[in-house]
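Order as written gives the chain letters A, B, C, D and E; numbering starts at 1 within each chain.
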Amino acid sequence: MTTTRRNLLKFVGGGAAGALLTPAPWRLITDSALWSENWPGIPRPAHGGITARFTHCTLCPAGCAVRARCVAGQPVSLTGVKPHAVSHGALCPWGIAGHHLPYHPARVRQGPVKEATAAVAQAIAQRGTGEHVAVLDLRPGRTVSWTHRRAMAAINGGLYLTPRQPGYSIDLAAAKTVISFGAPLFDGWGTPGNVIAARSIFRLIQIEPVETRTAAMADLWLPIQPGSEFMLAAALAGNMTLAEAALITGVGEQALAAVQEAAESGQAVVLAADPASPLMSLNEKYGALGRTVVARSDAPMPEAWKQAAPEMSMAAAPDGAIRVLLIDESLPGGYIPWRRIAPKLAPDAVVVVFTSSNDGYARHAQFVLPAAVYPETAEDIGPAIDTVAAVFRIAAPLIAPVVPAVDPARFVERLAGLPASEPLRERAGAIHKAGRGTLLDYTAAKSTPVKDVTADNFWKTLSQGGCWMDDSAKRTAPENLVFPAAGEPPRDERPLTVVVAEPRRGGLESPLMSKLERESNLRLAANRVALSPDGARASGIENGDRAVLETAFGRLNVVVAIDPSVPAGVVEVAGGPRMADLCGGNGRARVVRA
Amino acid sequence: MTPRKRYGMSIDIDKCNGCGACMMACAVENNVPPVPEAANDRKGITWIRVYRVDNHRAYPERRTAYVPVLCQQCGHDTPCVHVCPQQAVDVDPETGIVGQMPERCLGCRYCMVACPYHARYFNWWDPAWPAGMEKTLNPNVAPRMRGVVEKCNFCHGRWHAAQQKAAAAGKREIDAADYVPACVEACPTGALRFGDLDDPSTEVAHDAARPESFRLLEKIGTEPKIHYRSQRDWVRDIANAPHPDGKDQHRG
Amino acid sequence: MTGGKIAFASGMLLALAGGWLAFPRVLYRTHPQPVDFSHKIHAEKAGAKCEDCHAFRDDGTYAGIPTLDKCSGCHAAAMGTTAEEKNFIDRYVTPNREPQWLSYARQPENVYFSHIAHVKLGKVKCEQCHGNEGGAATLRPFAQDPISGYSRDIWGRPVNRIALRTEGGMKMDDCVDCHRRQGLEYSCLGCHK
Amino acid sequence: MDREFIARGLQRSSPGRFLLWILPWAALLAFGLYCAGLCLAKGLNQTNMDNRFAFGLWIFLDLTVIALGAGAFLTGFLLYILKLDELRAVINSAVVIGVVCYSGAVSALMVDVGQPLRSWFTFWYPNVHSMLTEVTFCISCYLTVLLIEYLPIVLRNRKLRDVPSFLVFEHKLHNLVYVLAGVGTFLSFFHQGSLGGLYGVLRGRPFAFREGFAVWPSTFFLFILSAAAVGPSFILLTTKLVETLSRKRLVRPTVYSLLARVSGLLLAVYVLAKAVDTLVWINRTSPGHGFLASQYYSWKPFGTWILFAEIVVFGMLPALVMLTPRLRAHNGWLVGAAAMACGGVALNRFVMTVQTLALPTLSFDSFVSYYPSWQEVGTFLAVVAYGVLLYSFSFRYFNLFPEERELRLEAAVHEEESALAGRY
Amino acid sequence: MLPWIYGFDWNTGHIVFLGAFYAVLAAIAATLTAAAIRSLRAIRAGQTDAIRWHGDFESLPERDQVCRHVLTGEFRERQCPHAFDCRECETHAKLIERHPLAPVAGHEEDVSGMAFPLDRFYHRGHTWARLETDGTVLVGLDELGARLLGVPDALTLPQPGERTHANGAAFHIRRRNADVRVVSPVDGTVIETGSAGRGWYLRVKPDSTGANAFRHLLRGSEIRPWIEREIERLQLALTAEGTAPALADGGVPVSDIAAAYPAADWDAVCGEMFLEG
């Protein structure tokens, strides 16, 4: 037995020695290392011809011009388009990674289209008198918005609802001093490239409680006691002494005087975070109306479209009377907190939302239908707050739709019994017919007066990501501009004031946004709030702890970041639908350790 | 071997509004994957990372500036190059760019310890893109595998593309306009500029010579090629060693 | 004692045989090309030069193996009488399906290789790296090392010969060798991406 | 069966008892291997290391373990080169400790690197300017040397000795062991030093950066000295521990005394050198790089206390104890001093690894902390369990302490004499 | 690593570093090779037994390595430098020249009731060799050895024709847990095997019967002090193995000591007494 075992060992030993003298082990060692260099599961990027294609970003009303670098037709990176007169080649971080959206893992990929159609039809048929069918359009001013409006006009009792619209444009180039009450100029307020280009002209005074990106870029930042902006405005308007205002707002009297001086030195404009804020009425005092705050002009449209339902704000809608609510959330826009909508619904209302994200109204609707996302479909983009001349630009699709999406305009059209139309093309025709303005063709890198372009070429260029810009007309003061009076802030014992430090529209964002939100602390993620060190200590919270943000309207699980630049008594949050539902309108909150 | 080019960058901190477009453009260009939920700011991969820096005062005197930090492309005694045990890091003599070779990298992370700028990142996870998103990968940059270190190389894929373009035209010298890193291209405020520091006609060479220009930790003698500048005294102070009084800083 | 020696020797012999004879055979998996293509016939009859089909794009990138539309240009209908051509037309041209050609010289993803720089600036002939592929009457089966994913052409010829280095391959060593001989500068980033 | 493998005349516990001793360690090893497997299969995200704390528990422990394993080379050097024959009593044990420490450290390193399949690249494409290359080469060579030195100990096993070729080879190899001792000394000198150099060359980490001679920063020499100083202390400690656990006398008191003297002397030299080095660093090196040394010690919990502890409490104090014959003669003092010396070197490695990484380098950096994850701790415990197991098996089946049997017979003589004395 | 591999450069760093590395590898390889070659040579030269004996001898406690001349009181203290092979020892040669071994009256020495016939030579491993008239040598266990092993459980004898070496293994006896290698006193070839019953175990044709052939073996007046010391050693061994020192009174060892001390680790006791490491 010993001999056989010993011999077996010798056999193995001989085998090992022999193997070392062959290429096999060495090659296997090399191969395993090479295997690790071509690690399994790593995608191999597709190779192919490289082309540039153009489109416009639909993620916000700025509608920046986008140049897509495509490999074998697939966009792999996006950049701005330098010659574009408004966006100046700038893109925000969301826009830079917009081409990831179709593949977002959390995207709404399917929905009960048949069921929704049937339920809506049944509800319309069965609705009682005084009950309405309504479309809530989060991004009014688009061409499809007119489709919605026309459809609502065609339906008996149809309502066309929108979030509050500014009703004016800001011509930043005409301002020497900008007094901003928390308007996020550098973070989503208007068109990034336009603001940056105008920045060298005006002096920026930023009035807000926390040092946002805009405050950091301002010439003067006035850290104000949260909620006391109206007192400061009253002082500027001369309704209160500077000393009184200084006491209330926490801003030094000298600083207030400096602001007043700057404001009155001419060509000042006042901007507010909420474009419909009463603070905007200060512009009247500074003579900004008609100079900086100007009337918005729209691109020409077909005559037939004038038969449209009027824009109506949610507050104006009758209570308990909306039987069918169709929410077009295909492009993220101004989110109206659900608690403002719920009272308007009839008891057995049918709510359908067209969206790509589960974060917004999808949480409240019975039927969630998948919508296409940028850059899958052709769309035009509503006007931005800082574009003065009318523009018509189309987000040309860069990729084939990844999921079978429902087009909300088609859905509404069909509901109203309107014939299927090609609204974009019709409108392009109307613009061409009007004959004004210039056509920007990025592919050929040239701009041509419209009157020198044939209608077909006009449409062709637009549908490949071109842009029409109106001639700069005379600035006029906006009409019917009425700002509501400042209301009393609601009473709430919660110790912290909510400050939205990070405006955010909701909707999908590229998975790579983790670079800014989780892999660095550059931006507050939607589920993060920032507290001052003292505030955190008072709640027994450490950096990175899980906590619950609690307001009068609900609770939200959040992660707390401690940030010494946050003043005591303030909780910084990022915007977005969840936050809007939680604290929109009433900014008092409490943060409790989870 | 004298480098034929000495690429560098100038960053105007006063212009940076901290939007993060450079970080996104970088990740898109260089096929950096999104990280799993478990990752935090110390386990992520951001070849360029915008830090929020402050003047160490309390609210309301506290002021913030945004400082993009990427590989500083040290030009002398490059700390990461001579610590790497297996030559996975080298300096390209033609461009002066410090290159990191993920396929040679052992993952020992010694270079990360050596780098004072924390500009090197380790792949703690298997890189993973949501289904379909792999279609958006840039073919000029190879995705990395788990367990290796990576860092900024001034978008070297773009250098290759520019060279390729020059070769197609029968030239050996690239056109400067063809080679701009993604972050510089993406910066909406024009805070970032890029070019050959040895060529006095370039903007960067001019920027680097300005009196308000400085480099991070200049005194340790690594000759970084990223030149920052700011008109504000307290911002220029970030070039120096840390202050212990900044230790309560958390979001940074 | 002798028994032990026999055991040792037989183990060693077995291992040697396995390592030198069997291992090189089992190391590579061979896959047939979708269609047997004759470079020779195309070179002779169509008078095609390499660049005619293996073309460069405008930006200087190399397009590699031509796509189906290049083939369909001539082979929309059969030009010859071979079964292989008919097969090709039936299986690929008519249904407009791209044949999945297997590239002998495909480098791993981390390699940046500029054909145009070598061909146009460096005046390197195709044959210098690819051998006389253009004169081959048939397509060799594609032999791939399943562990590393490298094709046999990349690795080089001798797997089972005593050689400190292989020859005729397209590995990094081969690239570096040529660059060294020409006195060209090289760094990692020069050829890796 | 088991008995046949145990050297004649050595008293070892019954197989059952041995199994009881082994089992918990084996369980720990299994758990640790599971942890290491997780790290290998899923990646290093299983650890709490991150981009800022790129080195963690493992590197700290590797450094410590390798310093403690320095006893193997020093004992070999003193015994075979300087002919301090008394150390023959502990050389085998020292070799086993060396094998345990080095193989454990290398295994942990294989888990620590992100791509272990490529570890041979360091040999194939070495960057000869990197301290880590020097470490890798020397440690792997030295581990080979240790394994060859371990071979005779294994082959002397009672059962294996029956194989004539083993017997003869063991004898012939043992006759040449002085060559290996010399090579081992050379290798140890360089890798212990390079482990220190690892930090000393970090220009970007002014806390660790040191000036030095030629290509070697001062930490190179400090690490050699400190490792050589604690090597004998660790042998002393382990031997005492094995004596306690096995309730046997294994070596003569003179050996302990000699180990303590060597350890104390080297430690004293080290403390002196370290003090000088620290002064140069505080006053010249660090300020020269723009970093005031006071700054390093203003981040809690790292205060100047750590410097004091390193140099005085865990350096000077044990050195003095071990150099004072009266204190040394006392078991408590001796063991205490040796343990403090080992603790001191661990503290030094901790400071070099953890404090270096925790301290900010940029003015807008934050001070970072790190706690190892259970997977990291588990993997480390696997190394400990592996060490205990290997040592236990070696102690049971190989003659680690050549004087053990003799000491037992001496004890018998003593017992007999005292019995006789008691009778009359 | 090698000149043609990427990254290699003929500079000082590479030459010094890799030079040192290859030198170390060469030293390690040379050591292993030298050890292997020397081993092969030693095995071929039949030195295995000698090496084993040297190993055993070296592992003996110092007290057990004393020179035979210490036993007789000629030296106060001396350790045997030749592993009990006095044939090589010049000191021994000189000493026996000066003080020839004193004859002892009577045919046998009686020590503690054990008989040690003086017509033969004794090895310190408790074997004896007796030169027969036909020129062969008989090899057997002495009385102490026999009593230690009592009635063996097993006995392994070499085949006639096999070689046996002085200080090498003569034969193996197993008793209880002790598997004892009994040392051969002489060099020679086995020609016949015996047994316990016949009083001898091997008949050996010695390589030499010259003056030097038995010089390493004890004889005559050396036997008594040696055996007395051996009994002391036995007592010690038994004490060490946890048995009460029953022999302390100088009592006569029983005929089967193994059976008398069932608690003792007999393997260890026999190892001690038969000089096996």
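In the analysis below, contacts are C-beta pairs under 8 Å (C-beta built on N, C-alpha and C of every residue); 3 or more make two chains touch, one makes a residue touch a chain.
The shown structure was predicted, so the numbers you read here are calculated from the model rather than taken from an experiment.
K.L.:
Find me the chain with the mean Cα position closest to the mean of all the protein Cα atoms on display.
P.N.:
B
K.L.:
Using mean Cα positions as chain centres, tell me which chain lies farthest from chain E.
P.N.:
A
K.L.:
Based only on mean CA positions, could you tell me how far chain C sits from chain D in angstrom?
P.N.:
A distance of 52 Å separates the two centres.
K.L.:
Taking each chain's centre as its mean C-alpha position, how far apart are chain A and chain E in Å?
P.N.:
96
K.L.:
Rounded to the nearest whole Å, what is the centre-to-centre distance of chain A and chain B, using the mean of the C-alpha atoms as each centre?
P.N.:
Once rounded, the distance between the two centres reads 29 Å.
K.L.:
Scan chain E for residues touching two or more other chains and write them down.
P.N.:
5-7
K.L.:
Give me the residue numbers in chain B that touch at least two other chains, ranges are fine.
P.N.:
Residue numbers touching two or more other chains: 40, 43-44, 51-52, 54, 87, 103-104, 126, 141-143, 145-146, 249-250, 252.
K.L.:
Send over the residues of chain D in touch with two or more other chains.
P.N.:
Chain D, residues with two or more chain partners: 115, 118, 121, 124-127, 129, 133.
K.L.:
Which residues of chain D touch chain E in their complex?
P.N.:
The touching residues are 3, 7-9, 11, 123-129, 133-134, 137, 141, 144-145, 148, 156, 161, 164-165, 167-169, 171-173, 175-176, 179-180, 183, 186-187, 399, 402, 405-406, 408-409, 411-413, 415-416, 419-420.
K.L.:
Inside the complex, what are the residues of chain B that reach chain C?
P.N.:
Listed in rising order, the residues are 1, 87-88, 90-95, 97, 99, 101-104, 140-143, 153, 156-157, 159-161, 163-170, 172.
K.L.:
Which residues, counting only chain B, touch chain A once they are in their complex?
P.N.:
Touch residues, chain B against chain A: 17-21, 23-25, 27-29, 31-32, 34-35, 39-41, 43-46, 49-52, 54, 58-60, 62-66, 103, 126-139, 141-146, 182, 185-186, 188-190, 248-252.
K.L.:
Can you list the chain A residues touching chain D in their complex?
P.N.:
Answer in residue numbers: 29, 32-33, 35-36.
K.L.:
Could you list, by residue number, the parts of chain B that touch chain D in their complex?
P.N.:
36, 38, 40, 42-44, 51-54, 67, 69, 77, 79, 82-87, 104-110, 112-118, 120-126, 145-149, 216-222, 237-244, 246-247, 249-250, 252
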